[in-house]
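In what follows, structures are represented as structure tokens.
Here come two complexes built around subunit A, the first alongside subunit B, the second alongside subunit C.
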Partner chain A sequence: MALLTGWAAFLVSVGTIGCIYGLLTLGLNVHYGYTGLLNFGHVAFFAAGAYASAIVTMPPPSEVTNASYQIWFNLPMPYAFPVSLAAAAVVGGALAFLIGLTSVRLGTHYLAIATFALAGVFSDVLVNEAWLTNGSFGMNSVPKPGRAMLSADVWQLSYLLFAAGSLLAVYLLLERLMNAPFGRLLKGVRESEAAAKTLGKDTNVVKLKSFVIGGMVAGFAGGVYAHYLGSVVTAQFIPAVTFTVYAGMLLGGAASNTGAVVGAFTVVAFRESTRFITTVYNWIQSTLPDALSGVLPTVFSPLPNNPSFIPSMRFVVIGVLFVLVIRYRPEGLFGDPSEIQALGEED
Partner chain B sequence: MSTDQQRSTDGSASDGSATDDGTDLLEVDSVVKHFGGLVANDGVTFDVEEASITGLIGPNGAGKSTLFNCITGVYTPDDGAVRLDGEPIHGLSPTKVAKRGVGRTFQTPKTFRGMTVRENMAFAAREQTGERALGALFRPGTIREEEGDIQATVDETLEFLKLDHLADEYASGLSGGQRKLLELGRVLMMDPRIILLDEPVAGVNPSLTNELLARLEELNDRGRTILFIEHDMDVVMEHCDRVVVMHDGRTLAVGPPEIVQQDERVVEAYLGGGDR
Partner chain C sequence: MVLDNLIQTFVFGIVEGSVIAVGAVGLTLSYGVTRFINFAYGEFLTYGAYLAVFIAGGLFGVSLPLPVAIAVAVLLVGLLGVAVSRVFFEPISHRGALPLLITSIGVSFILRNLLQGWVGVDARQLPVPLLRRKDYFGVQLTELEVAVIVVGVVTMLLVHLLLQRTMLGKRMRATSGNRSLAEVAGIDTQRVVRQTWFISAAAGALSGVLYAILFAPFRPGVGFAYLIVIFAATLLGGIGRPYGAMLGAFIIGIAMNLGSAYLSANYTRAYAFVILVAVLLVRPEGIRGGEF
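Our next item is the complex of A and B:
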């Protein structure tokens, strides 16, 4: 039974990660795109969801190496899977509620600082509270639902289908919400809080609701992520995740759910494509006539041999993508220019 | 009633309700508001009668906008009271004041720029089931019904304000005057008991000004109570049933325009120097 190889394996993995980032971006889009909340701590909700799923389903620490966590539920797979995902969404939403309760009154830029800082605090908590999170070792035995019944390839494909289905479901739910008067309410608060208040809307409650809904979606994404990788480690939940999600949202177009999904996939695909840089380099080198074979090594000589070159290119690629979007299409691929133009500035 | 009776001579107005026939909708009673050492409102007292158009005038810095903010909950008065239909509303949040039925516009219109005119209007409708997240998800039938009613009111109001041809334009594309009309329309959507307008015709071209004033008159004919700040004396004298003159944070005079106009202190404080 052959493992998925080459392009197929790459596409399946990019597709699954793309779905997870699609969920994250949909969540952030509720915050920033629809409500104008500058949330720079999105990764915290993602982490909260992932850890919630891990804690609900991890086996006892005695069966795991390097384990020191003291709370586990060891719910049996695959039946615990929906429970675990629900827990992820609830915990993500609960964290958003707590952070929102204290911060959501803040104006745009202050909220950005507060959420960024609180996400940092949350990350430190995850590292230090080993009784709950197993500290920096992480939770490395998160069960993969159905893995025991399926071959590796079939499981990979099935999980991709599941992730895509989840993405579609969340997308449809959010479309429904945002096309209802609820979406109009969020947008009005985004455009002018002062006006929304004088029209009888309780803007702090509206913002808190928005924060919790986006947090639940991000928490759910964390659950999907945890069961996909089978391991949850603090080092995965760094601020770069938040900024990748922002890149996806702005690329696709803020305040567009379709844009959020397309943007997330594009950014993930670009990011993952950096692993082909060496292949492309070697291919070009091999096709060049002998007379020119010295050109590439001369031009790029300091770069490809440096081990951190390829990983750091990930950020460069996203940066370039970002600059192109801001320069040529500030409203993003699916954004409405009349709507996005004024985003973030009050009348 | 005589203007003498209602004048507040020294800021500590003797009796805010020293008026008439018990149809006062809004009572502003000795409202005081300080900002540090600056006294913006120093015992402002007047009443607004139901179904009247009342003009609030005064030189720059007289405290008119501060008073609007005290009435609408943006500021909490340091002293005094604001009552709507006898119920105190000072100290309530802007949201709660609005829910009680006080609608207002801003000196510089605060329209929702990234939303269409229609969305701007529909936003302001009260008590929408679809504004609650669960309602939006699980009660599509109710929402469809409510939206039908809301959109009908929106169409009607836009037609009344002659903005119907702009219904699907983004508010960011509107002119300054059209934005003021839109803001008025939005306030009307919440069906307020009283409408407070902060310089509704300032910076609006003459033909649109006449349009706007005609709309206000018509709203008043339909029984709406209107209180507006305005600098244009001609507008105030022509369109108001009563005029409140403020100066240095106090009420200088209250009464019908033709009488207030002749009050020598008003002339001195505001109209003096051959202004008009």
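Our next item is the complex of A and C:
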């Protein structure tokens, strides 16, 4: 019955990661949903934020095993927490500014590929520049704010509350911004760049602003993530993160902030719960009467018996989700079909 | 000695450029008629390499000699490309580029992870012998590396002849130039699209096999990781321009090898992209504008 005792812990961790992915999805939604920018390198902004937080708060290398980083600030917790999160947002926004500067004016395909590739290059930098990032070993002593004062369970719950509060704050902020004239300008650029230009708007500047705002939100999410896990490793920041965020956004509905959050939670809950498939299998197997004990192994025996089978199938399901949502419900759960129509064609 | 090294690095760049060129031409041909960049293209490389290993290794009962196994693998992946197009892309082909592009991401996840779930993440390699380099006009190459260049050049020639001398090539060019006009002229464009998918996926598979010959061992993520390099060559040449893609591929291959040899081997992919971004800033349509 180990399955049930872990339930509360599982829900709290899914909730916290859901909030972080909710933030990421809100950021991407500014790019893709509201401005029509096909950003395939979102994970880079997330990583930039996480590393910024780590660098700001990591203890000196002499106190950490396997340390090769040479820049650290060791700001004292918990007062450094807001500083660290601000740094994460600023660095995420700065990277978005740099990437956007070169690619934001490109057409759909060029932008998608340029962002995808620049994110790949950025991850090469994270792996190779060990003086800054500690290489592929990662920064594993990122302080957890308030952990010293609270018991493990209370800390987990408090951090969940904090993450949920941040998500709510960013959500309200973006809702406000997207209903303001600026949000309408973004949609205007999405629907017709030519029309926006005719009205005297510099569309490249508008796109760049959108890119930076979304990048800041993703960077902030990186900061929240770094202080939650207490460790930042390059292997966490792979393209699959970007596309998981896309899956959440498309499922929830592009250009809908509510949809972005719901979609992110759904995808994260699915991804995390597949961990229990083998537990459930073993549990069912152990409760079956002896006469039936051969049934399950026979049913599942054609499946390959390798450890990467279930993790791989998880991504197959996410891939299928992409295909089905785009084909049968392009507006997702909460999107507005007419807005998606406007997103569709451009070239 | 300095000059010898430079020439040697340059030739290695041409070897890798041949691999990239085969892949980039396949990608750009499919863009020509479908009008979207296929993010699932990398999986054709992966499937080509894996199928070649499996067929040569006797997975399906008979163990074929490697060249035959490669040919069978390339044809099978071509058929896979047609199947993928019919199942995933044709039903939404009227909806514009964006839905197709996003669907291709989903398809790449499905294909890559099905393979990974089936064979695991262990590294594989093609049964090719380890060869000593020989001297060709002062340049040291293995026979396999020479073979890769030959296969690359022959593929380029075949694509050239296909486009310029065959009816299929003319239909492809017509469909690429203006699909509705081609239809009015009596071309069965859906058929052309399928034939193009076959050629595109087969070229991808061949590129994957060449990659596997040069850079063994490989894992299921190999094609997706190399996609960035192929994209760089494709964009550099201007999307949908086969001759541009060939040229772009050799530039990227040479740049990557020069960069790795003289700057730092850690940033191979970055060199491809620095060049690309630099070119895009000056000429957003790629080095070779105009129709093919």
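List of remarks:
Just so we're on the same page, the second predicted complex is superposed on the first by the 312 of 347 C-alpha atoms of A that agree within 3 Å, B and C clash if a C-alpha of one lies under 4 Å from a C-alpha of the other, contacts with A are read in each partner's own complex, and residues count from 1 in each chain.
The rule is short, and it goes like this: a residue touches a chain if its C-beta (ideal position, glycine included) is under 8 Å from a C-beta of that chain, and two chains touch if they have at least 3 such contacts.
Computed from a prediction, not measured in an experiment: that's the story for all the values here.
Once the complexes are laid over each other on subunit A, subunit B and subunit C both fit without any clash. Once the two structures are overlaid, the count of subunit A residues touched is higher for C than for its counterpart among subunit B and subunit C.
Legend: residue contacts after superposition of the two complexes on their common chain; A:199 is shown touching subunit B, with no touch to subunit C.
When the shared chain is aligned, no partner comes close enough to touch A:169: not subunit B, not subunit C. In the superposed model, A:191 lies in contact with subunit B only, and not with subunit C.
When the two complexes are overlaid on their common chain A, residue A:152 makes contact with neither subunit B nor subunit C. In the superposition on chain A, contact of A:209 is made with subunit B only, not with subunit C. In the superposed three-chain arrangement, the CA centre of subunit A forms the vertex of an angle with the CA centres of subunit B and subunit C, and that angle is 70 degrees when rounded to a multiple of 10. Of the two partner chains placed by superposition, only subunit C is touched by A:321; subunit B is not. By the touch criterion defined above, A:181 reaches subunit B but does not reach subunit C. Legend: residue contacts after superposition of the two complexes on their common chain; A:71 is shown touching neither subunit B nor subunit C. For the pair subunit B and subunit C, the minimum alpha-carbon spacing after aligning on chain A is 12 Å. Touched by subunit B in one complex and by subunit C in the other are residues 343, 346-347 of subunit A. Listed in rising order, the residues of subunit B touching subunit A in the complex are 72, 74, 93-95, 98-99, 103-104, 106, 108-115, 119-120, 122-124, 126, 128-133, 135-137, 143, 146-147, 170, 172-173, 186-187, 189-190.
Listing the residues of subunit A that touch subunit B in their complex gives 173, 176-177, 180-185, 187-188, 190-192, 194-203, 209, 213, 255, 338-343, 346-347.
Remark: subunit C residues 35-37, 88, 91-92, 95-99, 101-103, 105-110, 112-114, 116-121, 224, 228, 231-232, 235, 239, 264, 266-267, 269-270, 272-273, 276-277, 280-281, 284 touch subunit A in the complex. Within the complex formed with subunit C, the residues of subunit A that make contact are 38, 102-103, 105-110, 112-114, 116-118, 120-121, 124-125, 127-128, 239, 243, 246, 250, 304, 306-310, 312-316, 318-323, 326-327, 330, 343-347.
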